[in-house]
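Presented sequentially are two complexes of chain A, the first with chain B as partner and the second with chain C.
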Partner chain A sequence: MDDINVAVLRLRNVLIVSVPGDPDDHVITGLQDKILNSMMRYRAKGVILDLSTVDIVDSFFARTIIDTAQMINLMGGRTIIAGMLPSVAITATQLGLTFENIETCLNVDTAFTLMEQTG
Partner chain B sequence: MPVTSEDWERRKRFVNFTEADAKLLKQAKSHMEKHVDEVVNTLYANWQQYPELKKFLNSPETVERLKVTQRGYFLDLFSGEYGESYLKGRMRIGHRHQQIGLDVRWYIGAFSNYVELVTPHLFKALSKDLDKLQGTLLALIKLINLDEELAILTYIAAREEVISQQHEEILELSTPVVQVWDGVVAAPIIGTLDSHRTQMFMERLLQAIVDTKSPVALVDITGVPAIDTATAQHLIDTINSVKLLGAQVVITGVSPAIAQTLVHLGIDLTGIMTRSSLADGIKVALDRLNLCIRPKGAA
Partner chain C sequence: MVSEVAERNSLKISSEQDIVLVRKTVRDVCRDAGFGLTDVTRIVTAASELARNIYRYADHGTLTWNMVSDGMKSGLELIFADQGPGIEDVNMALQEGYTTARSMGMGLPGTKKLMDDMVIETKLGVGTKITIRKWVR
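Moving on to the complex of A and B:
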């Protein structure tokens, strides 16, 4: 089932996922499975989604990220989005994609610190 | 180039300037050549009486040089060729006059001078053929009208270029983003936010946040005279974009008037941190970074 080529790193008890640059729908759905399974396997307390190489987003992508964050929450974890590019943020806002209440950080480093400090 | 040759052909069609007109003017050329010096000399004698024109005619050499150009201009009216090279020549002359700062009214007035000086010569030369006289006179008036059109367009195009340059400069100037502390950027908004400006403001603010790795951005609206729903929506969009990056916006400079307007308009700013002064905003930002300012020597 883990047939997509995306690395999910575990650092202490936090998962770090580097979302690929131009993900198609198949990759995005596969990513969700992989993250949730890794949550289970490593008993992680949170997930950091690194979006620094993503330069285009659509509503399906945003919806899947929001859903995944809710699922992680249901499993007792916390989600932080890190490193979104300015151009992506502007496009997302114009499309009305607010990623609801998912926490955001400037980069993985600050996200990790935040996860360690308050969690 | 304000007028393309396609436009030019359409203008000619609109005033009904035909090949027959071109031919009539060409036939009048031989008569006009006899009087060209007299006409040009009279023009300059007239123009030198006005200080506004005199300042461009300060030396006899300049006047002599301009008279040569003027002769060319005059004879071009009767050249019989009014295609692309005529158009380009006329626009070049218009552009040159605009550049030296000649008021367009003098430029247009000179066309009237031309008609006044040329008409008697036409009457004298063609008094035996009234149809031809009428045709030539009409052809000349049409052509001079087209010339005036080009002159005005050249002036307008130059002005519009200046205006659009200034508009860009104002936009640049009006959206500064400065770093006030390690991890804090501030962006004062002066004037109203329209959608074009918001776009530029957002891009600059977001880029500054990423470049300086700042978790807090202060957006100061002290200089915003009035807020309406559109402006508020632009602000909210900016705040949402900043939030996606992983930074937080604090709106500062919320005056009593703006606070009242926001509530009366029913604009929902829950979840958005607002303060009345930039100083308060800086305190919030430092607090967020676990920093504080205290007096020297205090424990």
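Moving on to the complex of A and C:
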């Protein structure tokens, strides 16, 4: 799906995905396709999901993130969520979202360092 | 006794795009009402869950919002109404992890936790009306 406005940037063999601020369901679903196809195309070892501009994560969005991380894992890659806003972290926790075992970082910078050091 | 203090406003929900519009509208209303960022995020997230439920289960419905007051407190009331299939077992739907669709089963119980009040009125084959309220702190 190429009609969605999601930036997937490659830095060395890591993909950095900038998730748009208030994505609709179509964009969220398209995001998954785009990430997985980019994983394949660039032979990436991992994906950093930059959520720093996302001000709402509802259960549908969270489910898609968790599913995508699982798919990336099946393809031999690693996922790190970076930059979640405090208000989103509070709300997601109260809503009952757990994000299972997905790794997290304060920002993209530390996520990239972690990916380089331990990947 | 909760009373209405401002004019009524509403929005139709009948597409995925409308879910985004609900979030945007509720965000603006919350800011005008004087909620802090975390409460705005809680309310907008709750609205997103209920708007998606309408789109997914009832195809279409409406969101109505009002500013309300109760003694010294003032707050925002959001009403999500549809003429969909109704909820068969409200107690079951309020249990975490219960879902009839591809989701996490967090929608209704999660929404309840994010808000101060939630009232569900539903009748099979007639529709569902969910009223949620948050008081400005």
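Quick note on the criterion: the second predicted complex is superposed on the first by the 119 of 119 C-alpha atoms of A that agree within 3 Å, B and C clash if a C-alpha of one lies under 4 Å from a C-alpha of the other, contacts with A are read in each partner's own complex, and residues count from 1 in each chain.
To be clear about the criterion, a contact is a pair of C-beta atoms (placed from the backbone, for glycine too) under 8 Å apart; a residue touches a chain by one contact, two chains touch by 3 or more.
In this text, all values refer to a predicted model and were calculated from it rather than measured experimentally.
When both complexes are overlaid on chain A, chain B and chain C end up sitting side by side without clashing. Seen from the Cα centre of chain A, chain B and chain C lie 40° apart once the structures are superposed, a value rounded to the nearest 10.
When both complexes are overlaid on chain A, the residue A:Ile35 reaches neither chain B nor chain C.
By the touch criterion defined above, A:Phe60 lies against chain C but remains apart from chain B after alignment on the C-alpha atoms of chain A.
Residue contacts after overlaying the shared chain place A:Gln94 against chain B and chain C alike. Applying the stated contact rule after C-alpha superposition, one finds that A:Pro86 touches each of chain B and chain C. Of the two partner chains, neither chain B nor chain C is touched by A:Val47. By the document's definition of touching, neither partner reaches A:Ile16: not chain B, not chain C.
After overlaying the two complexes on the shared chain, residue contacts for A:Val8 are found with neither chain B nor chain C. Once the two complexes are laid over each other on the shared chain, residue contacts for A:Thr104 go to chain B alone; chain C is not touched.
Nearest C-alpha atoms belonging to chain B and chain C sit 8 Å apart in the superposition, given in whole angstrom.
Counting contacts by the rule stated earlier, residues 85-86, 88, 90, 94 of chain A appear in both its interface with chain B and its interface with chain C.
Contact residues of chain C toward chain A in the complex are 16-17, 19-20, 23-24, 37-38, 40-42, 44-45, 48-49, 52, 96, 102-104, 106-107, 109-111, 113-114.
Chain contact summary for the complex, chain A toward chain B: residues 81-86, 88-90, 92-94, 98-99, 104-107, 110-111. Chain contact summary for the complex, chain B toward chain A: residues 199, 202-203, 206-207, 209-210, 213-215, 237, 240-247.
On the chain A side of its complex with chain C, the touching residues are 22, 24-26, 55-60, 62-63, 85-88, 90-91, 94-97.
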